[in-house]
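Here chain A shows up in two complexes: once beside chain B, once beside chain C.
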Partner chain A sequence: MILAQQLILGLLVGGLYGLAAAGLSLTFGVLRVLNVSHGELLMLGGYGTFWLFTLWQIDPFVSLLAVAPAMFVLGMVLYWALFQFVVKAHEETRIKNSLLIGFGLTLVLHALAIRLWTADERAVTTAYAGAVLRLGGLAVPWLRLSSLVFAFAILTALHLFLAKARWGRAIRATAEDWEAAALMGIPVGKTYLLAFALGTALAGIAGGLVSISYSISPSIGMEWTLKALIVIVLAGLGSLFGSFAGGIILGLAEAMSVVFLGGPYREVVGLILFLIVLVVRPQGLFGARG
Partner chain B sequence: MLEIKNLQVAYGPLLALHRVDLIIRPGEMVAIVGPNGAGKSTLLKTISGVLAPRAGVIRWDDETISAASPQRIVEHGIALVPEGRRLFAAMTVRDNLELGAFTQRAQKEKRAQLDRVYALFPRLFERQGQLAGSLSGGEQQMLALGRALMALPRLLLLDEPSLGLAPKVVESILAILAELHRDGMSLLIVEQNVHAVLALVERAYILESGKIVGEGDGKTLLADDHIQAAYLGPLARGAV
Partner chain C sequence: MKLLGAGIVLAAAFAALPLITMRSDLLNLGVQIFLAVVLAQSWNLLGGYAGQINLGHAAFFGLGALVTRTLWVGGTPLILALFPGALVAMLFGLLIGVPAFRLRGAYFAIGTLGLAEILRITIGNLLPQISTIPAAELTSYNIWPRYYLTLTMAMVSVGVVAWLVPSRLGLGIRAVREDEAAAEATGVSALRHKLLALALSTALAGLAGGAFAYYHVSYYPQHTFSPVWTFDAVLMSYIGGVGTVHGPVLGAIFYVILREVLAVKLVEFHLIIFGILFMLVVLFLPGGLVEAWSRVRQLVSRRT
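After this line comes the complex of A and B, so read on.
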């Protein structure tokens, strides 16, 4: 019974891992730039939702409609101000410089968040926060369930955009072969900008959902970047639903470790999975070889 | 009309093209032949904007395009079928073709042009839902060619269109190039299969070590002693 309950909670948090990873995977897959400040962007989205709720009592699911576009714009600004200079570099310099810029941004955003919102843990506590769906003896928190559904809906929308829309296809083409994409007349710089902004918006949405179902503080960024990285390695690049499934696998694995090994091992199990996948199947569970 | 004057291209300190002069008149079909590493691919990449020249001028219909981005150059009606095809392997045949029509100009004509490309390559129509990476080599070359045609080019650049293909497939690809030429398109072909391409084109340039060392009409070059010895010897002819 305890195991089943933990697995349900693991499944629910796993959806958010998946959403966080999808954003990171999009920027990594398209720009070949690892944005280690992804978790801090997620944190910002969380505070955005928190702010709208405490200042104006806007329902968090509604405020995501404002947070997501605001984060999209922030992503455009960050790309324009910082990352566009990195993507012009060659492969190896690109990764190195993106790490430097990402870590710098991490520090700045972390300090900024402490300044604006103090180091205290915050959470959006709505009137319906405690509502629980009972299934036999199991309790499923409604909020977390809604967050999971919301995350899945967002990924489905993004998937459709990438599969069908003109610019969505341009993003996929650029991810596969940017030089060939340029030969098609695709403005590669613009697709980079768009992919980065979308990745940032996804981080913001994930952050909003975290602030609703869990809690946020200025220091959660690194933890979420790490979760997203583990999920990307687990799932492989290139598939949004792969990221989502990978997130859920990580959530379930963590839940099992809590039951069988005890709470402190929760963070360890992800890293162990990470190592096993790297050794056994380096392209990830759902990634294509090569 | 494409006019190249005094073109120099370098990879870092290494000069890949020195002083290349070349001209393609409207509707002309021209080949560039030469040994490996002579700079043929470099030349095509520079025309299509992927590489920037160090010196010299490329003019297209009296507009200088030597500093333009690949996007601008496709928009101007010059499309490249790159060496190795460079398809989007994880996307469908249909998606690849539609991406070929990404420019504003080509978007408007997309439906009609797709029909034309399918008429030219019925095989692509049959396989339109299949992933590009799952096609045979010949089909992939057809797709690469069809994708470039989707951009509505007036000048088509082809880099080794017959590389790695069976002789039958090469024949049908070359037949299609001849058909495009008859319909008024300008073509610039880089090809290892010197014999076949010289028989096809009106004019050809010989590029060696980054320099144009000869020029003439296809038939004359076919009979030329130097060409015979360098590219059309018994060994070269066997190595299609």
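After this line comes the complex of A and C, so read on.
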């Protein structure tokens, strides 16, 4: 029974891992830059939702309508100020510089968040926060369930955009082969900008959902970056729903580790999965295409 | 040759400092600089010469600190406690490096980032109590041995890099950085050279951690695994001049002194300033202070 309960919670948090990973894999897949400050962007989105709720009592699911565009704009600014210089380099230097820039950004955003909002943990507590769906002897928190559904809906919308819309197809073409895309008349620079901003907006939405169902603090960034990276290593690039499924697998694996090994070792599972993928399936994503 | 001379003069000046002044704030600043030199130089050995980005250097610093502190507080003589710390750091480095270095791309960076973060969280859960030097040891606490130990370590770390770089192994390491395929084609094993650089780099970081454990009276074990240590190492290497022997030394001196000045006036703001400075250096001045200096000299010599 404890295992089943933990697995349900793991499934629910796994959806958010998937959403965080989808944003990161979008930017990595298209720009070939690995932004390790993705978790800090998620943290900023979480604070956006938290403050809109705390200052003006705006319902967190509604405030995502404001947080997502704001994060989109922030993504544009970051691309313009930093990452447009990174993408000018060759493949190997590009990844290396993006890691360094992302790491610098991590420290800056973390220090900035502590400075602005202190190191306290915060969470959005709505009137309906405690509601629970009973399934036999199991408890499913409504909020986390709706966050999972919301995450899935966002990914579906993004999938449709990438599949059908003109700019979505430009993003996919650029991810496939940017030189060929440029020859076909696709403005690669603008496509990069759009993909990076979309990735940032996805991070912001994920952060908003985290602040509703869990809690946020300035130091959650690194943890979420790692979750997203591990999901990408597990699930590979290219498919949004693949990221979603990979996130759920990670959530379930963590849940099992909590039951069998105890809470303190929960974070170790991700690294072990990472090492297993490295040894067993080394042709995985970063090796083959990176 | 000029650099070697400058290095000897600098080391001699630092070695003579405790004979001239007893001011403990200056000696403490010295210890911080020497630790920073070891940290920066160890990152530079792998990141600058072998071209492998380690985003979890704190893991190896922390492991060295943890092992050395435990053994030393438990009664082992310091010298015997330092080497196991370096060894454990090295083993953890190889744990990530052996699978990750078979591949290119970002695997190694992710693996080290993950290792550091996971150790930080796990150590925080398992050892939440602050670690303090036992009272008997505390009464005889003296800055002198700390000062000379860290100075020696700084000299050793610079010496190791200076010796390695022009050697056959060092040439191999740099060849792998420039072009792995070409290096393999001329008979240089990429994996072996990267692992060698990693082993030396992580062992040095472990030693630095051990010295920190010997130097600091009380700290939370989790603190030595904080990403700030990685950030310090990367930043000092880049600001000074990554991939050179003297760059990280300059970077460490510049960074530690500036940090001491700024941290007093702008609590936490100094990290924001350094972070922005770091990003600018990576993008626009990848050779750091060393490159800036040679550019200035070129300008001057062109004028005259």
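Details
The rule is short, and it goes like this: the second predicted complex is superposed on the first by the 281 of 290 C-alpha atoms of A that agree within 3 Å, B and C clash if a C-alpha of one lies under 4 Å from a C-alpha of the other, contacts with A are read in each partner's own complex, and residues count from 1 in each chain.
Keep this in mind: a residue touches a chain if its C-beta (ideal position, glycine included) is under 8 Å from a C-beta of that chain, and two chains touch if they have at least 3 such contacts.
These figures come from a predicted structure and were not determined experimentally.
On the superposed chain A, the two partners chain B and chain C both fit, without a clash. Of the two partner chains placed around the shared chain by superposition, chain C is the only one that A:230 touches, whereas chain B remains out of contact.
A count of residues in chain A touched by chain B and by chain C gives the higher number to C. Residue contacts after overlaying the shared chain place A:103 against chain C, while chain B stays out of touching range. Of the two partner chains, chain B is the only one that A:184 touches; chain C does not reach it.
Shared-chain residue A:172: touches chain B; no touch with chain C. Residue contacts after overlaying the shared chain place A:136 against neither chain B nor chain C.
Angle at chain A (Cα centre) between the Cα centres of chain B and chain C in the superposed arrangement: 90°, in steps of 10. For the three-chain overlay built from the shared chain A, the minimum Cα spacing from chain B to chain C equals 16 Å. Within chain A, no residue touches chain B in one complex and chain C in the other. By the touch criterion stated above, chain A contacts chain B in their complex at residues 166, 169-170, 172-173, 176-177, 179-187, 238, 288. Chain A makes touch with chain C in their complex at residues 34, 36, 82, 85-86, 92, 95-97, 99-101, 103-108, 110-112, 114-115, 222-223, 225-226, 229-230, 233, 263-265, 267-268, 270-271, 274-275, 278-279, 282, 286-287, 290.
Across the complex, chain A is touched by residues 48-50, 69-71, 74-75, 79-80, 82, 86-91, 95, 98-100, 102-103, 106-107, 147, 151 of chain B. Of all the residues in chain C, the ones that touch chain A in their complex are 51, 53, 55, 95-96, 99-100, 102-107, 109-111, 113-115, 117-118, 121-122, 125-126, 227-228, 230-231, 234-235, 238, 268-269, 271-272, 274-276, 278-279, 282-284.
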